[in-house]
Every structure is written in structure tokens, then in C-alpha cells.
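Shared between the two complexes below is subunit A, which pairs with subunit B and subunit C, respectively.
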Partner chain A sequence: MPTKKEVFEKIQVALVDALGVDDEDVTLEATLVGDLGAESIDFLDIVFRLEKGFDIKIPRGELFPEDILTDSKYVQEGKVTEAGLDELRKRMPFANLDQFAQNPVVQDFGNLLTVADMCRFVESKVEVTD
Partner chain B sequence: MRFEGKTAIVTGGSRGIGRACVARLAAEGAKVALIYHSNQEAAEALVAELASAPGEVRALQADVRDFQRAHEIVDSLFEEWECINVLINSAGIVHDGLLGAMTQDQWRDVVETNLGGTFNYCHAVTQPMMMMRRGSIVNLSSTAAEFASRGQVNYAASKGGINGLTRSLAKELAPRNVRVNAIAPGMIETDMSQVVRGIAGDQIKKIIPLKRIGRPEEIAAAAAFLGSDDAAYLTGQVLRVDGGLSLGGY
Partner chain C sequence: MRWYWIDRFIEFESGRYAKAIKNISLAEDHVHDHFPYYPMIPSSLVIEGMAQTGGLLVCEVNQFAEKVVLAKLPKVVFHCDAVPGDTLVYTTTIEYVREEGAMVTATSHKGDVLHAEAEIVFAHLNDSRLANLFDPETFLRMVRLLGAFDVGHAADGSPLKPPRRLVEMVGAPDDGGGIGDSEDNGP
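Then we have the complex of A and B:
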């Protein structure tokens, strides 16, 4: 059973390998897109590495909800609708969407997800000890 | 030997162009898994024939339309080999007919085998190739994708789709050093083309600048080039290997 520290360290390795960043860049507060420069192909690579690293299955869209953000049911004129925000909250209970919800511009979504969110996501999938 | 220590998967590997690709890669040292659908005898005969080749060959049965099976096969090979260097999507069928008389099954079978099978195996190798930060995918297309023939709406659509898939996937995977290219063969001496060649007769040679039908081994040579490090700076291309057929003109 990994500790929370071990979960973070494994995620750090996955992000360093996937994004080509340095260890010290990967802090809990760092955003994947804004701070670490992740693009769509990187998200896929990160999911693959987390699946392998933690021996878990991550259904596509569970960690990075591209399907919601590209669905005209949930996005109108470049902004996520209320229905879309509801879907995001359901899909991503590990992330804090309050600030994004104040002005939910799709293009800004990438700056939402932090390394800490990813840790909480993985912790919801594996049993951890403190 | 360009593929010594390397591994490859070839769909449609028991006959025609796929068969020639298997033989070429094995001759150049690769461990090759050939995927066949129904002709077990031909697949096993090829494995036996190549027993003394520098590489190793094994035959695995699968219907390329089966997404789950594609993943089972690739995951299992990746676990054993620890890398997948080359994927050649050669599995393909024809079922010609004018569109107005074409059944849904004719349409579906050809598109789901040719294009769907290509999608399934590309999907399956994406994860291992991305994680290894290297790999080469070679998709077998056809000059039929761009140069129209009557009675091949389904085949042309499937091969046109392969061209589009190839280019788009090349863009996606380039940041991970995975190259994706296609080969568009012209008229090649295979079982699959024998009906068309029979109907066209010697007339077909008159419109081919090199004045002859191509051989599967010549397509395999192009596939080996694209799969190898000799093509390290080449991605997103559809290479026409057609004796000049697509030049048109006079």
C-alpha cells in the first residue's frame, strides 16, 4: 500500500518522463498545461504511464475530460455550459472547479488541473496510507 | 541486417504483400508475428519456410476487425518482447461491385476489414510505441484511393480513409518519435488482384510506364525501408509504388 508521498513521487516520475521537465518543476501546485506545458498527446502519454505505474485502469476521459470539452451539448460559444460544468464535477471530484466555473472558458480549462489534483485522482483509485 | 534485435507485427501476413513483408523482415533479422484470418495452412507453411531465416516468425490467428483481440495480441507480444518496433497493416479484402448494386455487407466488410483493421492495430500499438519513444507504422493503401476505378467504391473509400488516418496519426505521434506512413501499391501480382488483372488482360501493362505488373517483394522492399531507420526522417507520407501508373498523361 503506497503512502501519499510515494504516490506523488511516482506521478512526478511519470510527468518528468512524459513532459521532459525537471523534477523540481513538478510541484503539487504546478498546473499541467500552464506550468508544465502539457499538450493533448502528453495527456495520453501520462494516462498510459499512470496505468502502468500504479497498475490501474483509467477509462479515457476520466482524468482529462476531452470528450466533454469538445461536445456541443456542453460547450457553447467557447464556454462550458451549466450542464457541462455538472458533467465535469461528476467526472472530476478530485479537482476544484469553483474558480473555473466563474468564467468557464474552454481554453482556460487546461490551466485548471494541477499535480495535486492528479495525486488525489490516483489516491481515489488505489489504497494509500499516510 | 536492418532489423536484427527488432520486432514487427504484420497483419494479413499469410498471403500476398503481407506474406512478402514477413519474409523480408525475417530475412533482415526481425522477430515477426504474422496475423492471419482464416488460412492457417498458408500461415503455418510460411512459418516453416522461414524457419532458417535470420529472424524468427510466428503466426497468430485474428480477425483484424476485432478491436479487443488486437489489444490482446499486441499487449501479449509487448510483454514478451518488451518493444514493438514495426507494425505493417497489410490485411485487406476486396469485394467489388457497382454502388447501386452493392450490399451493406459488401460495403461494411471491406471498410471494416481494411480501414477498421488498420485502426484497431494502430490503436493497439500506440501505447507501447509512445512509451518506448520509437516505432514505425506502415499502412497498406492503394492507388485506388486517388485514381478512380468503377466498381470499387468500398475499396477506394477504405484506402482513402487509410491515407487520411496515416497523415493524421503521423501528426499525433511525431512528438513521440513514432513515424506513420503508407504505401499505395499499383497493380501487384497477388491473389487479390487476379480477377482485375484477368479482366484487364495485357491492356493494363500498356498504361503502366514500366510496362509490367509489380511483385509483392517490391512492395515489401518499400515497407522494409519505411519501417527501418533508413526512413528516420520520413513520416506522414503515402508512397506510391506503382510502376508509374499514377503519373497519368500520355
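Then we have the complex of A and C:
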């Protein structure tokens, strides 16, 4: 069973390989899009490296819920609706959506996810020790 | 100019790996500019050759139904130059194929010498407005020209054949006969 530190270190390696950033750039508080420069194609790469690194399966949309963000049921006039926010909370219990919910502009969603969120996501799929 | 940066497949195992060769020649116009008095194949065209090898391998996984495009190069390392007279062997191995895209690892060898290595990420385009990136007949001719069906094996070990869907679109015989064998001079 990995420790939380080992989970972080493996995620750090995955992000360094996928995004071409330095180790020291990958801090827990860093956002994938804003701080680390991730783009949409990078998310596919990151998911694969997480699956391989942790021997887990990540179905499409589980980590990056692009299906919700492109569904007219959940997005209107460029903003996520209350129903959409509920879906996001259900899909992403590892992420803190409170700040995003105050002004849920779809374009801003990409900057929500942090490295810490990814650690919590992986920890929810593997058993970890402290 | 034809945008072929591989000359022929020498191995093709459906869903697993493919090898293709690229012969570098003084007859290629661009090497005389890259560089004057020291012709060598540009690294970008080696990457394109590896991408063509891997891209067709990935595309075949779904019987050439997906539109596969080069999307990202997470890692590329070159270890030496490749010059006219060299034959490069590109080997691409599938790491994953998902609904959204795929990744291969690729190497380029000059004989036993490792010339380059790369990770290549492809995206599957799902915009219906794009229809066919290639005209089906041209695409099928290209894959036949590259010898994929001459050396290829399907997952069950049987000889790789053009998918029926593609053959029916083109209206060609699926007995292994080439499109345009008799009169056409190629794409």
C-alpha cells in the first residue's frame, strides 16, 4: 500500500513527464491549467500515466468531466447551472468546488483542479497509508 | 511533393506494434538545404515518419474508422544524425488506445544504433464535419502501397486484410489486389 507521500511523488512524476515542467513546479497547491500549463490533450496523457503508475482504471470523464461541461442540460450562457454543479460535486468529491460555484463560468473550470485534488482522487481509488 | 515519410512497413502486428523503413537519399531535394554541404534528414521529418508508422498502427485498431491525428510529443530524444545512404527503421509500440486518443512509444534505428526515441500522443477527431480526412480510395491505396497488408497480421495471427467497410466504400476487390495496379501510377 502506498503512503500519501508516495502517491504525491508518483503524481509528480506523471505531471513532469506529461507537461514538461520541473519537479519543483509540481506543488500541492499548483493548478494543472493555470500553474502547470495543461491543455485538453494533456488530460488524456495524464490519465494514462496515472492508470499505468497506480494500476487503476479511470473511465472517461471521471477525473475531467468534460461531458458535464459540454451538456446543454448543465451549462447555459457559458455558466454551469445548479443541476450541473450538483453533478460535478457527485462526480468530483475529491475537488473543492465552493469557489467555482460562486461564479461558475465554464471557461474557468479548467483552472480549478489542483495537484492536491489529483492526490485525493488517486487516494480514493487505491488504499493508502499515512 | 508526396507527404510520405516512411517507404514501407516491414512488420505490422495489429493492436501491438509496427515497423517501417525510411530510406534517406541525396535525391531528396530538402536535404541539400538541411544543411548545405552536410545533408541530413531533418528531425521533424523523422518524427513525422514515426508518427505515420504509429498513426496507421493506431488507426487500424478500429479498422481505419477513426480519424487519427498527431496531437502531442511528450518526449523526443535524438542521439545522432541520419544522412543519405542510411536506412532508418522506425518501431512503434502501442501503449494505449482509448476512445479519445492513443499513445505509442517509438524508436528510430540505423542498423543497431539507436538514432531517436519518442512518445507520440494521437487524438481521435470526432467532428463529423471533417468527414474523411482522406478520400477512401486514396487512403486504401496508400496503405497498400506501404505494404501494410503484405506483412501485416491481425490479432488472431491471420493475414491482415483491408476492412470490408473500406473496401465497400471504394468498390474494390478485397482479394489483396491493389487499387490501380494495372494503369494508375499511384496516388
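Please note the rule applied: the second predicted complex is superposed on the first by the 130 of 130 C-alpha atoms of A that agree within 3 Å, B and C clash if a C-alpha of one lies under 4 Å from a C-alpha of the other, contacts with A are read in each partner's own complex, and residues count from 1 in each chain.
FYI, a contact is a pair of C-beta atoms (placed from the backbone, for glycine too) under 8 Å apart; a residue touches a chain by one contact, two chains touch by 3 or more.
None of these values were measured; they are calculated from a predicted model.
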Return fit or clash for subunit B versus subunit C, each positioned on subunit A through the superposition.
-> clash
More subunit A residues in contact [subunit B versus subunit C] = C
After superposition on the shared chain, which partner residues are touched by A:Met1: those of subunit B (first), subunit C (second), both, or neither?
-> neither
Which of subunit B and subunit C A:Arg60 touches, first, second, both or neither = second
After superposition on the shared chain, which partner residues are touched by A:Phe48: those of subunit B (first), subunit C (second), both, or neither?
-> both
Identified clashing stretch of subunit C versus subunit B [24-32, 78-86 or 132-140] = 132-140
Overlap of the subunit B and subunit C footprints on subunit A, listed as residue numbers = 41, 44-45, 48, 52
Quick one: in the complex, what on subunit A touches subunit B?
-> 39, 41, 44-45, 48-49, 52
Once bound in the complex, which stretches of subunit C touch subunit A?
-> 71-72, 74-75, 95-96, 98-101, 103, 121, 123
What does subunit A use to touch subunit C in their complex?
-> 17-18, 20, 41-42, 44-45, 48, 51-52, 60
Subunit A contact footprint on subunit B (complex, rising order) | 126-127, 130-131, 172-173, 175-176
